[in-house]
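Each in structure tokens, the structures are laid out below.
In the two complexes below, subunit A is the common chain; its partner is subunit B in one and subunit C in the other.
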Partner chain A sequence: MRRAKLGTLIWAAGLALPFALDSSWVSVAAFFAIYAITALSEDIILGRAGIFDMGHAVYFGIGAYVTAILNTTLNIPILLTIPVAMLVAAGVGALLSAPLIRLRGDYLLVATIGFNAIFVLAMQNNPGGITGGSDGITGIGVPTLFGLQLESQSSMFWLDWVALGAVLLLMHNLDGCEFGRALRYLKQDELAASTLGVDARKVKTLAFALGAGLAGLAGTLFAVQLSTVSPSSFLFTESVTLFAIVIVGGQGSIPGVLFGTALMFVVPQIFRGLAEYRYFVFGIAMIAVMVLRPQGLLPRKRIAT
Partner chain B sequence: MTALLELDGVGMSFGGLRAVDDLSFGVEEGQIVGLIGPNGAGKTTVFNLITGVYKPKAGIIRWQGIEITGAKPARVAGLGLRRTFQTIRLFSDMSVFENVRAGCHLAARQQWWQGLLSLPAQRREEAELTARTHEILRRLDLDSVADSPATSLSYGVQRRVELARTLAGQPKLIILDEPAAGLNESESAGLNETIYAIRETGVTILLVEHDMNVVMQVSDHIVVINFGRKIAEGDAASVRANPDVIEAYLGRDSDEEDV
Partner chain C sequence: MGTFIQQLINGLTVGGIFALIALGYTMVYGVMRLINFAHGDLCILGAFIGLTTLTSAAGGGHPGAGLLLLAFVVSVIVIAVAGVALERIAYRPLRKADRLAAVVSALGASMMIENGIMLVWGPQVHVFPSNLLPATTWHLAGATISFVQVMIILASLVLMIALYLFVNHTRFGTAIRAAAIDQDAARLMGINVNRVIASVFIIGPALGAIGGLFIGIYYREAYFTMGWTYGLYAFIAAILGGIGNIPGAMLGGVLLGLFNAFAAGYVSSSWQDAITFGLLIVILLVRPTGLLGERVAEKV
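What follows is the complex of A and B.
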């Protein structure tokens, strides 16, 4: 409970970031919020349900493309595209989960990589002329709220930060509800869980749909922040990064996943001259964590009631 | 009167090996039924067939007269049929409380979105199920270890936690797979007490043991199998006097691996 209060305070303090930082750093903070949502959504599938999803960039990408297409071709306001982006991503997640959850961990992982490769290829091939091929889609508009254009970097940051706050609240509630616990039962011992009445297929499908839907939300925010989307943002390597953030940060741990995201996306900005070495540093960190602290940097706390 | 659980000509084989062959027996409501047989007789396989872990190759399994042959484990659990495992299967990353709370899974009526939004009805239900869990912990004398990591405890206590987890599902029938395995004498005596206490609450018990003494003491009805076939059935005295049973236990094959 105390951790939740502390978290709320830190989040509230974060709202003041645009007053303390220059606009390039506000943009870093905005990207942090967007990637944190994506990493938390991956944590639902990987960290909590224990499903080796290494294709999570697909759902992130679907959200971004849905918003980009709806906004640029049909002129639908950005904020109205959010529920569509989330539902389409969630639907695809549920659909892809059908063959995936029949597979064992290692085979499943390879299959998710396959889905990621197919997604990128499909976007590059510009199906129906709607995805813009390798160049992607440009000229995505800015969100409007009550007639107010959220044009400045600060206002976009606030949009992202509020979305992150909502996702954090959901993740917190997930810990204390039956669905969240069922994910953990399945991760620990699927046979024991099933003899307690846990419907593995239903729960895992739901985990995919929820994780994919939240990644779709992050995708919308990503498209808005960059005002352009292209296949190169959703490569397999992005999925690997998300996977690694959850493992290195701490599976099923909200602070862990946030810390992992900061390590991957904020720290490289601080050492901008060395940004080239991002994967190098993170690679070494991954090895060190797996050897010295396999439960992650900020592991999940045991909940006692 | 229809039996609570009924096996009718059930058969199972793995590759060429007949693990269970034309097995029929029934479990009446309120009974403690012991299923015994030497190691490798197919006892655990029978349990896996009843609870849906395996699908029988032949025969019919009925629950309160309705066929449930080949039903998935989650559905079988929903009928009010719960089990423990020969090798204890607790959730190792969770506390004793969380493990027992897991047994309440099907009692939770909340939808996933109610949980994610932490709606009042969901929170009320959480409080109810927390109370139910604590009550069971108290009943099985586990309240002092409620917050301990489940797998940090002694074997005997872990068995009790697993038992508590099955009871949390408010089952009609529980299936205990060698509950006395790995227990010392006083733990084993305590287990008998617990089994009686559970029956007092109206729960029917089907018990597998290869230790004849435990089963003879607590069972109302005993089914003896060897090489997957039923070789005797009846009360403790008649089973004990049965020459086939004596031979099965004293015979040459008693050291075979359990299937």
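What follows is the complex of A and C.
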């Protein structure tokens, strides 16, 4: 419980960030919140359900594209597109999971790589003229809340931060609820869990849908933050980064995933002058962390049962 | 008919290259049950090292056949050493760890090599010299075969036959096959599994370096992100044939090369990759063990 209280306190303190930082750093903080939601959603599928999903950028991208298309072509207000983006992403996740979860670990991983590649190619080829091809979609509007335009970087940051808070609350409660426990049993021993009445197929499909839906939410926030979406934001490398965040940070560990996100997305902003060395150093760091701490940097604490 | 034969020749050329690279994936997976994500990048590193050998040894002059051979030798040696070093540093400490730790380590190695190439050679596309090989071409039923294509097809064929004979008809080859079936039992029979794994990380990257240099010579270009693209294709080829299965990787490479060539020739080329990945997913769903069946070690 002490950890949860500490977390809440840190989150509340985070709300004051726009008063302490200049606007370029507020935007870094906003991106941190967005990627943290995406990484947490990957953690549901990879870290908690133990499904090797290396195509998570697909669901993130679906959320972004749904918002972009609905907002620019039908003029639907941004906040109203959020449930649609989440539902479409969750639906696609559930749909793809049906064939995927029958596959064994490595094959599943490869199939999700394939889905990611197909998604990017499909967006580039502009099917039906709705995705804007390689250039993507520009001119996504500003969210409005009770007639208030959330136009400034600070207000957008608050929107992202509140969304992150909601997702964190959900992740925290996931540990205690029946679904979360079912995930844990399944990951530890699928056969034993099945004999105890856990419906493996149903639980895994739900995990996929939930993870994909939350990634869809992050996608919407991402589209709003950039006011543009293009296929290059949802490449396979993004999926690899999300995958690495969960494993490097610590599977099923909220502090671990947040720390991993900060390492992958915030640290590079501090060393912007050395941008070209970024991935070279990341590569070495990924090997080093795995060799020295295969369980991740901040592994999940064992919960007494 | 002319188009058909032309695509057949193009497909066999590319298929030979895919097969050479796919062998590295399949041998490593067969023995260690690890997708060596860095393999594609190692192959392209081979292309860059070969290119640098060519241009620096020629000193602006005309690189002859002897120099080309030298480029292959240097590249094969460097990449084989790099492969063994990679296994020692990034994979060996993780053999008993969670499978995902090794996967992330492999991804990190891939990122490191790819961006290492960028830091050394720069992000631009490097063009291979055009006069490396005779510009001789043959005409066959309306199709054109170039000298390069003949060389690649023949060399791939010879290398694959040599590997097949080595794995199936020598003592060390038997040890490799035994380790791929059951590492513990192999160890009990007196096989040095560490040596088998090291040998797999010599043979795979060495063949891959040749494949990478072939890519450079055939397409006459090399750039740092190439490793992912061709690595992924070769990996799909390995799965197509049945991962861990050496003849399977050869068959898968050739079939995928042909499939790609015909998809590019008869269907729109902008959807070509999507069709290839679609094929991958269909294989995984319908027959995940590949055409010739998987042969992998049980992970202990």
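Assume the second predicted complex is superposed on the first by the 304 of 305 C-alpha atoms of A that agree within 3 Å, B and C clash if a C-alpha of one lies under 4 Å from a C-alpha of the other, contacts with A are read in each partner's own complex, and residues count from 1 in each chain.
We adopt the following convention: a contact is a pair of C-beta atoms (placed from the backbone, for glycine too) under 8 Å apart; a residue touches a chain by one contact, two chains touch by 3 or more.
Being a predicted model, the structure only gives us computed values, none of them experimental.
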Practice problem: Please indicate which partner A:Leu103 is in contact with in the superposed arrangement: first for subunit B, second for subunit C, both, or neither. | Solution: second
Quiz item: Touching A:Ala16 in the superposition: subunit B (first), subunit C (second), both, neither?
Solution: neither
Quiz item: Where does A:Leu74 make contact in the superposed view: on subunit B (first), on subunit C (second), on both, or on neither?
Solution: neither
Self-check item: Contact breadth on subunit A, by residue count: subunit C or subunit B
Solution: C
Quiz item: Which holds for A:Leu148: it touches subunit B only (first), subunit C only (second), both, or neither?
Solution: neither
Exercise. Tell me which partner A:Gly114 touches in the superposition: subunit B (first), subunit C (second), both or neither.
Key: second
Quiz prompt | subunit C - residues contacting subunit A, complex | solution = 29, 33, 35, 89-90, 93-94, 97-105, 107-116, 118-119, 228, 232, 235, 239, 243, 270-271, 273-274, 277-278, 280-281, 284-285, 288
Self-check item: Partner subunit A, residues of subunit B touching it in the complex
Solution: 51, 53, 72-74, 76-78, 82-83, 85, 89-95, 97-98, 101-103, 105-106, 108, 110, 112, 114-118, 122, 126, 130, 146-147, 149, 165, 169
Quiz item: Residues of subunit A touching subunit C in their complex?
Solution: 46, 52, 99, 102-107, 109-111, 113-115, 117-118, 121-122, 124-125, 236, 240, 243-244, 247-248, 251, 276-280, 282-287, 290-291, 294-295
Quiz item: What does subunit A use to touch subunit B in their complex?
Solution: 170, 173-174, 176-182, 184-185, 188-189, 191-200, 206, 210, 302-305
